[in-house]
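In the two complexes that follow, chain A is the common piece, with chain B as its partner first and chain C second.
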Partner chain A sequence: MDKILRVNMTDLSTKIETVPAAWAGLGGRGLTSTIVAAEVPPTCHALGASNKLVFAPGLLTGTAAANSGRLSAGAKSPLTGTIKESNAGGTAAQMLARLGIKALIIEGIPTEDKWYSLHVNKDGVSVQEETELIGQKNFAVIEALEARLGKKTGILTIGPVGELKMTAANISVKDPDSKIRSHGRGGLGAVMGSKKIKFISIDDQGAPGVKIADPEKFKVAARTFAKALLDHPVSGEGLPTYGTNVLVNILNEAGGLPTQNFKVGQFAGADKISGETMNETITARGGKVRHGCHAGCIIQCSQVYNDKDGKYVTSGFEYETIWGLGADCCIDNLDDIALADSIMDDIGIDSIETAVMFGVAMEAGILNWGDSKEMLRILSEEIGKGTPLGRIMGGGAGSLGKAYGVTRVPVVKNQGIPAYDPRSVKGIGITYATSTMGADHTAGYTIATNILNVGGYVDPLKKEGQVELSRNLQIATAAVDSTGMCIFVAFPALDIPECLPALIDMLNARFGINLNGDDVVNLGKHILKVEHQFNIDAGFSNIHDRLPEFFSTETVAPHDAIWDFSGAEIDEFWNF
Partner chain B sequence: MQITVKLFATFRNDRFKVALQEHSAGTDCRAIVLDLGLTEEEIGVLLVNGRHATLGHVLHDGDTLSIFPLVGGG
Partner chain C sequence: MDKILRVNMTDLSTKIETVPAAWAGLGGRGLTSTIVAAEVPPTCHALGASNKLVFAPGLLTGTAAANSGRLSAGAKSPLTGTIKESNAGGTAAQMLARLGIKALIIEGIPTEDKWYSLHVNKDGVSVQEETELIGQKNFAVIEALEARLGKKTGILTIGPVGELKMTAANISVKDPDSKIRSHGRGGLGAVMGSKKIKFISIDDQGAPGVKIADPEKFKVAARTFAKALLDHPVSGEGLPTYGTNVLVNILNEAGGLPTQNFKVGQFAGADKISGETMNETITARGGKVRHGCHAGCIIQCSQVYNDKDGKYVTSGFEYETIWGLGADCCIDNLDDIALADSIMDDIGIDSIETAVMFGVAMEAGILNWGDSKEMLRILSEEIGKGTPLGRIMGGGAGSLGKAYGVTRVPVVKNQGIPAYDPRSVKGIGITYATSTMGADHTAGYTIATNILNVGGYVDPLKKEGQVELSRNLQIATAAVDSTGMCIFVAFPALDIPECLPALIDMLNARFGINLNGDDVVNLGKHILKVEHQFNIDAGFSNIHDRLPEFFSTETVAPHDAIWDFSGAEIDEFWNF
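After this line comes the complex of A and B, so read on.
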């Protein structure tokens, strides 16, 4: 029987609750956003006692469905002030699903100045005081907990950045190799820190496992789905070979690779930080080109990146991180970017927000363009140690920009704009402007259709069709984010006709229900509307669905593109 | 006329990263693609001077043609 675990950090009590009927058909983002909208006052302080931190595995998580092992984390975001859902791979989602845990809700704030940990197992959840690991970085926490509780323990942890409640703090999730995946965006690590929880450990021994209503039907659908993932050139070949970093070159060629804090759209050093170069480097140094972030991932876009001596540096080395610390900061040294990626995992900070912040810091003159050594020092010595400058930087791009009087600060709703220039890839600009999450490329990934010729083609340099494209993708994404699926299943789903029906068949077979395509679209619409209403009640209006002014006043080379959507045109997005 | 041809991802295997090629006037993208031993079906994205183009797009002296298989990420 599925259950909800609830932890009250104010009185340190825990409860096991039955799943309300209204939540039964929800999982992942659909469930975290529904719970946050129902239980968190939208005007509350995100780091105060009224906010709640919610974890939920997806509807298909814990089953044999390929790529279904994502965990959603939700709360009111201390970075944006909006509702937030951030999902990650790792081992925790599948363990929670097998334990029959639909959601873990953490509320309140301890009255005493002490740190705690939570332990989840087949009997529920318990709260313990924690002293040993406070102040420790994430890799040390994982190592210590594996020694303390066993190698198989699932772990969610925050580093020093989360403990200090910096608003770019992430929540780290142990992956199958005892490395780290991240609930990166929106500062959810600061929410966990505000509740004085250093880590959550999970033991799934004796878990009942996930019951499938119609195992035969599930098996057939799962096979069709997996075949579509392997057959599509993006999920079957491009991502496994080059990782997400394959995008550096194509965005650079298309003039959409934001460079020098969004000054121009092409980077002279692009080839040195590209997916092709990364593939050669990994291969030459005995790393791994393919690697999955969770058991059952067949796309394997992750990798193991070693240094020149063949020693492990990082994994899950993503395009957005490499773009941000690379092109946007004019750094062409991939080894230094890899080191920075590892440090960000270790101290527990979002690598996208931090990369965008460094571009702003370079514009402010805090460090020079291209100075990767100073960037590494700042990560370890300022942000990692919580110096006054480090805390301003750990607050993200908006925080740093405000402190230093920078006018070119690429954020929407105070969240850093990622790796695609909205002037030369206009569809993604609509997503940045309208997403309920603040600037978030994954919310409605128009790059697929604007740049990659996946799901058709909409000219990235023209305004026509962009609002509709972003709307359709944001609706679909909200639904996919509820299944526990990796968002990269969207590539085959957009092109291979059997893929999406197979996904729906798996949902039907899992729960013994009868959803059709329209139901799934309606679920996506419903989730977006619930999130949007939370934001409106938190004080946001259409005026916040806008890009920073400089995108409308400065053109970007090489296409001399400009952001030329009127407010009324953007507002059409919510017309559904 | 001179065309700069750039190849990416798997298309570089046993070929090149970038080459300056001489072609007769009126050559289209398809001719260059086939000349490289690639098939039309393999092509994911063609960019001419950074703008999306079709196989039938006729090139001009000094153009840069970037050729990609279907790739993605995000």
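After this line comes the complex of A and C, so read on.
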């Protein structure tokens, strides 16, 4: 029987609850957002006792479905003040799913100034005081816990940035190679830090596993689904070969690669940090070009990036990080960016927020454009140690902009705008503006259709069709984020006719139900509306569904593109 | 003929404009808020080119009316994101009024990275590049400008905090003794800094002066009005004798003196920082107990506070500053608080915001409760020099709270809550919650009726009548803030029947018009509605008209009072 685990950090009690009927059909983002909306007062302080941190594996997580191993984390975000869902790979989701845990809900704040850890196993969850690992960075935590609890232990942990409750703190998830995947965006690591939880360990020995209502039907659908993933040129070829970093050259070519804190759309050093260069470098140094973030991933967009001596530096080295520390900061040294990526994993901070922040910091004159050595020093010595400058920076791009009086601050709802200029790729601008999460490219990845010709084509430089495109993708993404699927299944789902029906068939076979395509769309709509209502109750209005002023006053080369959507045009998004 | 001066800092051009008919009947806050609402896009970046900084003397400023010499400054606030009016004494308002200047409007941002000064005289306004005084503190600026331009020069200036665009920066106004009065709240100094204006000098030689339509009627009314001010026990006796600091003992007695970052309502060291102690100290050291912030002030709530050696330390040493650095930070050393007041004037930062911030900083453990020496060091060496810690602190209480993950942060709309606990003085809580300015005690000073028995009595510990009280006072204050009158005229106006009619008679005699009491009330309502609409268009809703969560979850001794207004009850405020 599936269950909900609930931990109250105020009195350090734990409970095992049955799954309410209303939550039974939900998983992943659909479940975390539903729980947060139901149980967290929208106006509460995100780092206070009223906020709750919720983890939920997806509906298909723990099954043999390809790429279904992602974990959703949800809470009110201390960065944006909105509801927040952030999902990640790693081993935790599948372990929780096999244990029959629909969700882990953590509430309250300890009354004593002590640190704790949570331990999840087949019998439930327990709270223990933790002293040894407090102040430790993530890789050391994982190493120590594997020694303490065994190599197979699942681990969710926060680094010093989360302990210090900086609002760009992430939650790290151990991956199959004992490296790190991140619930990156929205400062959920600070929420975990506010609850004084350094780590959560998961032991799935004796787990009942996931029951499939119709195993034969599931098997057939899973095979069709996996084939679609492998057949599509993006998920089957581009991503496995170059990782997400395949996008540097593509966006640079399209003039949508934000450079020097969103001043221009092309970067002279693009080739030096591109996916192609990365592939050659990895190959030459004996790294791995393909690598999965969780068991069962067949896209394998991750990689193992080694240094010149062939020594491991980082994995999960994503386009958005490379763009942000690269083009946006005018750094063309891929090795330094890789090192920065590793440090960010280790101290536990969102690499997108931090990269956008560094662009603003360079604009403020705190460090020079392109100064990767100073960036590395700041990551380790300032942010990692929580100095005052580190705390400003650990609060993200908006925090830095406020402290230094910068007017060109690319954030929506205080969350840094990622890797795609909204003036020259207008669809993604609608997603940034309207997403319930603050600026978030994954919420409705219009790059697919604006740039990659997936799911048709909508001219990125024109306004026509962008609101509808973003709306359709945001609805679909909210549903996909509930399945535990990686967002990249959207590529085949948009182009290969058998893919989406196969995904729905897997859901039906798993639960013995009869969803159709409309049901999935309605689920997506419902999730967005639940999240949107939370935000409205937290004080957000359509006025906050806007891009920063400078996108409407400064054109961006090479297309001299400008953000020219009226408020009323943007607000059309919510007409569904 | 009255005129509007307009300066465009983008092209460094200036204009003299006639006063539009719609603005002719407006002055002070009524005029600055009307201009800001008409000309500033509510969603603009407050430190960007679209914001405007507006100065306007009141309707009676420059006349012989007692206590009418205050200057309003308005803009979109970089601290709160709301519309902002902040008024101050000093010599500038009367000089502008005598020059026939209804308002000085400063727009745009320089294209070059240079600093400037503005010079206002009978011929208009001019822009000059400034190099010598950049980086200088306010007292040095005043001294240098008096040497450069003559002792009688009127001066508005920003210190290093304003130059660095920290959002608690104020604008300093030279007073009759070449000391400093401040447009304190809301970070207007950062707006001036964003426009790269270090100072504004005013030369009123050859000023036409203020014309009175009916001099005889004016004289009679002015005499009645002045008598009322002198006859009322608060404005005629309490304030002149003890300054605003008369309130320390009164609020301590009432259990409404927020202590240790709003943990309790009484301070063990209250007597050491009280108005009575201050009076004795000033007298013993040869200072001045009574002192006016502008010519024609007959209340004289300011003072000259000397050190042990009889050397000048500060003036305009207000209750809110003394409460904040005193009780709220558990500091009982009045000399150190006086020194801090002087440093804050010198570096140009709002003493209320900074005091509230220090309470939060002590809660965060950055410095110890009661450590006045470290506070003095931080003011000079961190905030005054713009170190990273200084920038966090110079952003006010909200900024500090965010950077250090503090949940007990007493702000509304990101502006620090002053000197009166809203749980034990509930009327002022309604003002904090609903004021268009963010938490601001002067916007509707219910302490008068909750604590001082002025204008009747409304029990401060009960909910009944507080919304109506705050509403009536906020409406009246908006009107009074338009006359150039000091807020303390409200005491006699509430209690002495002849006072308010005399004030209205002065307005009628000045302009040859026929306002009655209803007109004045309607003016106040109109101003509040204009400001409120700006805030709504900037993204604020009733959800932002709320006090921080902890006031509703923590009781405050000695009354175990709690903030127990529902949202709907607070929202009744706007029913007018």
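Throughout what follows, the second predicted complex is superposed on the first by the 576 of 576 C-alpha atoms of A that agree within 3 Å, B and C clash if a C-alpha of one lies under 4 Å from a C-alpha of the other, contacts with A are read in each partner's own complex, and residues count from 1 in each chain.
The rule is simple: a contact is a pair of C-beta atoms (placed from the backbone, for glycine too) under 8 Å apart; a residue touches a chain by one contact, two chains touch by 3 or more.
The structure presented is a predicted model; accordingly, all values stated were derived computationally and were not measured.
By the touch criterion defined above, A:Met166 lies against chain C but remains apart from chain B after alignment on the C-alpha atoms of chain A. In the superposition on chain A, A:Leu239 makes contact with chain B only, not with chain C. In the superposition on chain A, A:Gly456 contacts neither chain B nor chain C. In the superposed pair of complexes, A:Ala254 makes contact with chain B only, with no contact to chain C. Touch criterion not met for A:Pro208: it reaches neither chain B nor chain C. Of the two partner chains, chain B is the only one touched by A:Ala448; chain C is not.
Of the two partner chains, chain C is the only one touched by A:Thr407; chain B is not. Looking at the shared chain after the overlay, A:Phe491 reaches chain B, while chain C stays out of its contact range. Applying the stated contact rule after C-alpha superposition, one finds that A:Pro548 touches chain C and leaves chain B untouched. On chain A, the patch touched by chain B and the patch touched by chain C do not overlap at any residue. Those residues of chain A that touch chain B in the complex are listed here as 232-235, 237-239, 241-247, 249-250, 253-255, 271, 275-276, 301, 319, 441-442, 445, 447-448, 451-454, 457, 459-461, 487-488, 491, 558-559. The part of chain B that touches chain A in the complex is made up of residues 6, 8-10, 12, 17, 44-45, 47, 50-52, 66, 68-74. Listing the residues of chain C that touch chain A in their complex gives 43-45, 47-50, 78, 164-167, 190, 193-194, 387-389, 391-392, 395, 399, 402-405, 407, 537-541, 543-544, 546, 548-550, 553.
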